[in-house]
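As written, the chain order gives the labels A, B, C and D, with residue 1 at the start of each chain.
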Amino acid sequence: MYGNNHLFIPGPTNVPEPVRQAMNIPMEDMRAPDFGAFTKPLLADLKKVYRTETGTVFLYPSSGTGMWETAITNTLNVGDRVLMSRFGQFSLLWVDMATRLGLDVDLCEVEWGKGVPVEEYAEKLAADKEHQIKAVFATQNETATGVKSDIAAVRKALDDANHPALLFVDGVSSIGSVEFEMDKWGVDCAVSGSQKGFMLPAGLGILGVSEKALAMRENAKMPRCYFDLQDMLNLNGDGYFPYTPATQLFRGLRVSVDMLLEAGMENVWARQSWLAAGVHKAVAAWDGCELVARGPEWASDTVSAIYAPEGVDARDVISGAYNKYQTSLGTGLNKLMGKAFRIGHLGSLNPVMLCGAISAAEMALRDAGAKIEPGSGVAAAQEHYREHAG
Amino acid sequence: MYGNNHLFIPGPTNVPEPVRQAMNIPMEDMRAPDFGAFTKPLLADLKKVYRTETGTVFLYPSSGTGMWETAITNTLNVGDRVLMSRFGQFSLLWVDMATRLGLDVDLCEVEWGKGVPVEEYAEKLAADKEHQIKAVFATQNETATGVKSDIAAVRKALDDANHPALLFVDGVSSIGSVEFEMDKWGVDCAVSGSQKGFMLPAGLGILGVSEKALAMRENAKMPRCYFDLQDMLNLNGDGYFPYTPATQLFRGLRVSVDMLLEAGMENVWARQSWLAAGVHKAVAAWDGCELVARGPEWASDTVSAIYAPEGVDARDVISGAYNKYQTSLGTGLNKLMGKAFRIGHLGSLNPVMLCGAISAAEMALRDAGAKIEPGSGVAAAQEHYREHAG
Amino acid sequence: MYGNNHLFIPGPTNVPEPVRQAMNIPMEDMRAPDFGAFTKPLLADLKKVYRTETGTVFLYPSSGTGMWETAITNTLNVGDRVLMSRFGQFSLLWVDMATRLGLDVDLCEVEWGKGVPVEEYAEKLAADKEHQIKAVFATQNETATGVKSDIAAVRKALDDANHPALLFVDGVSSIGSVEFEMDKWGVDCAVSGSQKGFMLPAGLGILGVSEKALAMRENAKMPRCYFDLQDMLNLNGDGYFPYTPATQLFRGLRVSVDMLLEAGMENVWARQSWLAAGVHKAVAAWDGCELVARGPEWASDTVSAIYAPEGVDARDVISGAYNKYQTSLGTGLNKLMGKAFRIGHLGSLNPVMLCGAISAAEMALRDAGAKIEPGSGVAAAQEHYREHAG
Amino acid sequence: MYGNNHLFIPGPTNVPEPVRQAMNIPMEDMRAPDFGAFTKPLLADLKKVYRTETGTVFLYPSSGTGMWETAITNTLNVGDRVLMSRFGQFSLLWVDMATRLGLDVDLCEVEWGKGVPVEEYAEKLAADKEHQIKAVFATQNETATGVKSDIAAVRKALDDANHPALLFVDGVSSIGSVEFEMDKWGVDCAVSGSQKGFMLPAGLGILGVSEKALAMRENAKMPRCYFDLQDMLNLNGDGYFPYTPATQLFRGLRVSVDMLLEAGMENVWARQSWLAAGVHKAVAAWDGCELVARGPEWASDTVSAIYAPEGVDARDVISGAYNKYQTSLGTGLNKLMGKAFRIGHLGSLNPVMLCGAISAAEMALRDAGAKIEPGSGVAAAQEHYREHAG
């Protein structure tokens, strides 16, 4: 009789009931004659979520991290120079991977709270007359800091410099939730996973690859096998897979993709922004709290990282929310540890759920010593949601 | 991606995940040799929830209404005088049933907002020297008005008058949630259903019957078949049933009864009061709103009926909550239609869920024209829940 | 790792996966503004399964037994003469109920293994010039003996006698499975339940009532409340119910009714006969076994009651199937106890499931001492199913 | 109403109901303070299934193929000589991977139908005085041919030669089903996946690694990131993971591991052999059919690959079983295409399920032109299962 647990981390997200129903199934034969009739339209419809007509979307039993690796190993070679930026735990880990895989990382360090430094990228690209930079990496949504970056602007920087480098986007906590345009923005590798905007359990890596990037695989010599796209290409055309696919998640994905496409991606993005604005207004109403994002132009629509007030340990907020209020908030990662907590607000959500999340945060903040006004954040969120709900 | 619906009606209540899991099963054979090994302990443990050692608990594919009828037809005869009181839609319907079944109802009309008139009962019982009153009916929790009654006091009135009448209690929205003591209070028939404190889907009627009441069945001549307790008695002893029982609900009931007993009934009751107090404080914080219950001694711990402010149509609050905020509130029944709405706060709940419910009500109230302060109720509830949560 | 249990009793039947998925849901508000938009088409589509345009179908939290009682109490009066026949445990129980409810039963005793004695009915109806017989009862499928009866012929007997009596049909184990034509056959009350041809868990009583029968309720004076159709009629028109309906089962019923109607009732009936024929051929192949049904004209398409060979206790077959082979077979009820076992073959089934059931029966028969040839029944069934499968 | 589909491929296998229930859950926070209290005992108990006290078991969102790669890249270097054998599609693919990852494969070609050539291995190991062979690979159960190999004998060959090479075992379709002794046999890397003996959906790779093998990671220089065991080791000790783990599968795995350990691994293995023997006897009873395995010493206990009779295209058997009988049989892979079909008999199974599978195969074989006796295989299996069932 203790009610539901409340999940407001930036992934895994809440699973919609129809998706949950669709995964409550017996197992099936992934070599059945009609399996392709199920998987081929699914792969095709994923392209609509990715907004690509010319690219290809791949599904792996993996996490987003595995898709980062797949993107790199199928297109680049040891020693290749790549342009990257680091402004949070996940962009940091991506840099770490690139380094470990032997890439020559041209790294832009950015204050945590801001995102991809487009001007610095533009300068470096313009300066790279010999096109030594083989790929440009951009984390569209830094999940650790709640910071979004302008991918269209990165593309413009590439175009302005007339630079042929590949554009890699980490869209793990953005694709399926906020505006993402693979073709229009000329994204070459777009990484995502099942447990964020796709509203599924963790377990599926999702990777969009442009024709240009796919063509690189012939000359990409890093050893790879499990993540070799060629093995997928050999069978995906008929809807089959080189190893047993996660069919249970596929059945859920079919439903979540249907939900996204029936709503229309533009409407999904708009709703996501509207939900986020309520949380942002709540944070603004809390004395002494502020977003880690250094200004509204950086504030993410899918996750808010929030500095606890001076003197309040954010870890107490998080553990209090969990232990007293059955509510999972996101922890402050790396240098934000103890300073910030996060509210994930992507996936399957609505205003009343978020009023609950904000209430949990308010109670936990006050328990941890914050002098915020009780109900102040909820009130601000309520007034926001009242405007366009329904 | 539209999130969960929010259910805050006074039943069906939210089903705990372990109960939901337990009902996600293939069908089974209700005549299997080991079926009784499952059902006999279940029936025995239900007695612990009912707090009876000498009584018997019956399970029917039915609703609570069917159990009202079962109680009457198995113990009384046409023309029998019964003492009843009417102060809300459900006590009203019980009176209606008694009348239709041919009982001679001695009816106490009570202002809606109060409950069983114990003093009036006491007077009538004391005056009934010839013991023409065969049964006394008491609605422990009037679900329509959010009003609780004092069953122990009714028992005392009977004892003080040394009156042998049976004591019938409608415990549909109280048993399993708030203090109920079948043996200690000398309750003879105690009616409940699966979809309230037992946290299951609707479909099971639950009836506790004392030895004294059970003995009446021999002389109770109303025609009955489906609801004849004798048919149950013939088979229940071995754990079997005269007609196909609702085994799926039984499997869920096994888990919900375990949850209740593992927590301990006293703790369940205390937690229920504590959850209710948060809602009551929220209502007190809303300008122009007040409980239908005419004082804290009447205010129910499982459901709050709340008068909307002057000039606000409560139906707009309810339809707005449903259509804009995916939140089901209880409607105002009968003479409360348009005047009051209800928040059900029994079953599987916790503070953050209730903060969500209160937020939904606040938004819907303001949308309907109420001048309450945004967040005022949530703030009051938060401060209350902070005290003893966890 | 012990695999699935195998359920081959004549109800509850196996639940199709889409129905199971549809019942894996949170609870919902049965007074929601859009609830009627769900229930009204459901009630309308049930009429298509019942094959009635002019009748009304009712849904109760109940079992089929409750629907028997509902049919009687809403249309007849104490002392009314009714024509009934008894040839198995369920027709026996129906007679028992009619007697207990005060009807004057004109009873035809029939050898177990045969069904409704149409000629005897015809004679009695023809002889009843004063129309003292108010209702004629016919069990379309006697679940205990695996015997079907000819309802169209009973209608003809009524028509030939120009007799106005109501026609009541127990269709619990026939409706939704085998040919049933409520309007064409002039059936006035047709009783069913959720756990047979409707492929749901037990818990819902389903009752079809003709306009003629419905009109009788005004003059039907038996006390009734829970089962009073008037209470349903007051609210069902808008899709609501007088007491909390079993919404979880409704959601499942929506899917099972869709499955039936999408297949087409004629195809459902034909497939049911074809599945049954495989079992019948298996029985014919077993030395010393035979159907309880006294000839193919009586053999039910939904359940086979099978005499164990001389000297073999059928209880051993059933307990062996259950304990050694995780297979539930139907027990021999009443005078068939120890002599017969039953294989339920209605609901969600296919040939391979039935080959499994037949195998379980073969193993259990041999374990119990029967001298049948191993695999003989399966072989016969296989050859039958091969003909038209797919 | 079309009944269950029947899944008899060698993975994914049938999921037990308790496992399915356990996966029907909302998502959870993989960084929750108490998550480690769930995962640490799970990882510890997996070691009991692997029968290792000194090794470590890892869980990845991956397939078994990914675990092959993990084993190689964390222990070996490009150019390392490895001893492998090829006798079916999966051992073939493993050789392919080793080659693509730059290993120097010393390959033993073996007739399909036999397994690891222990004597040849022994000779090569004895001859390798300089210990150039760094690892010996053995497929314990070749899923494509239904052939088992003697891992203990491979260990003995290593020991007899006093050879320090690592021993890698592909246990995808054996671990959790048949005898496997990681410590006793000195296995260094043991690969498995969720969808076979662990009775879960596909999606989890499972890898057991010995202390000796784990120590190699320092000198293993193949680029790796996602599959780098060091990243797991950094966090697994506290029960956390470097990337979002597949928590839904973990919850299922908790239950399936409990089922295995409660039964006792020796009992699991014995039951698996007993189930397999029934299928083997059925095949022996089919005129013109025979196992691909070249003798009982090679015949797998988890999957049977069966040659269709001369003149019968095995593809017709498989497609007929699927289309006419809702039964998935395994296809003949690579050079067995058209010649053989497979019956998977691992995972959650019991005799009646297998009698159904054998029936489906019999019907499909006869439909495809095979002259087998109807019911002959089922009869043989029945008589076998009768002996020790229950």
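Assume a residue touches a chain if its C-beta (ideal position, glycine included) is under 8 Å from a C-beta of that chain, and two chains touch if they have at least 3 such contacts.
Quick caveat: nothing in here was measured; it's all calculated off a predicted structure.
With chains reduced to the mean position of their C-alpha atoms, the one farthest from chain D is B.
Should one ask which of B-D and B-C has more C-beta pairs in contact, the pair is B-C. Here the CA centre of chain B is 34 Å from the CA centre of chain C. Separating the centre of chain A from that of chain B, both taken as means of CA atoms, is a distance of 46 Å.
With each centre defined as the average position of its C-alpha atoms, the distance from chain B to chain D rounds to 54 Å. Residue positions 4, 14, 17, 20, 24, 26, 323 of chain D each touch two or more of the other chains. Within the complex, the chain D residues that touch chain C are 1-4, 6, 14, 16-17, 24, 199, 256, 259-260, 263, 268, 271, 323-327, 347-353, 355-357, 359-360, 362-363, 366-367, 373-376, 378-380, 382-383, 385-386, 389-390.
The touching residues of chain C, when paired with chain B in their complex, are 4-5, 7, 9, 11-15, 20, 23-24, 26-33, 61-66, 68-69, 73, 78, 97, 100-102, 193, 195, 201-205, 222-223, 225-228, 242-249, 319, 322-323, 328, 330-331. Put simply, chain A touches chain C in their complex at residues 17, 20-22, 24-26.
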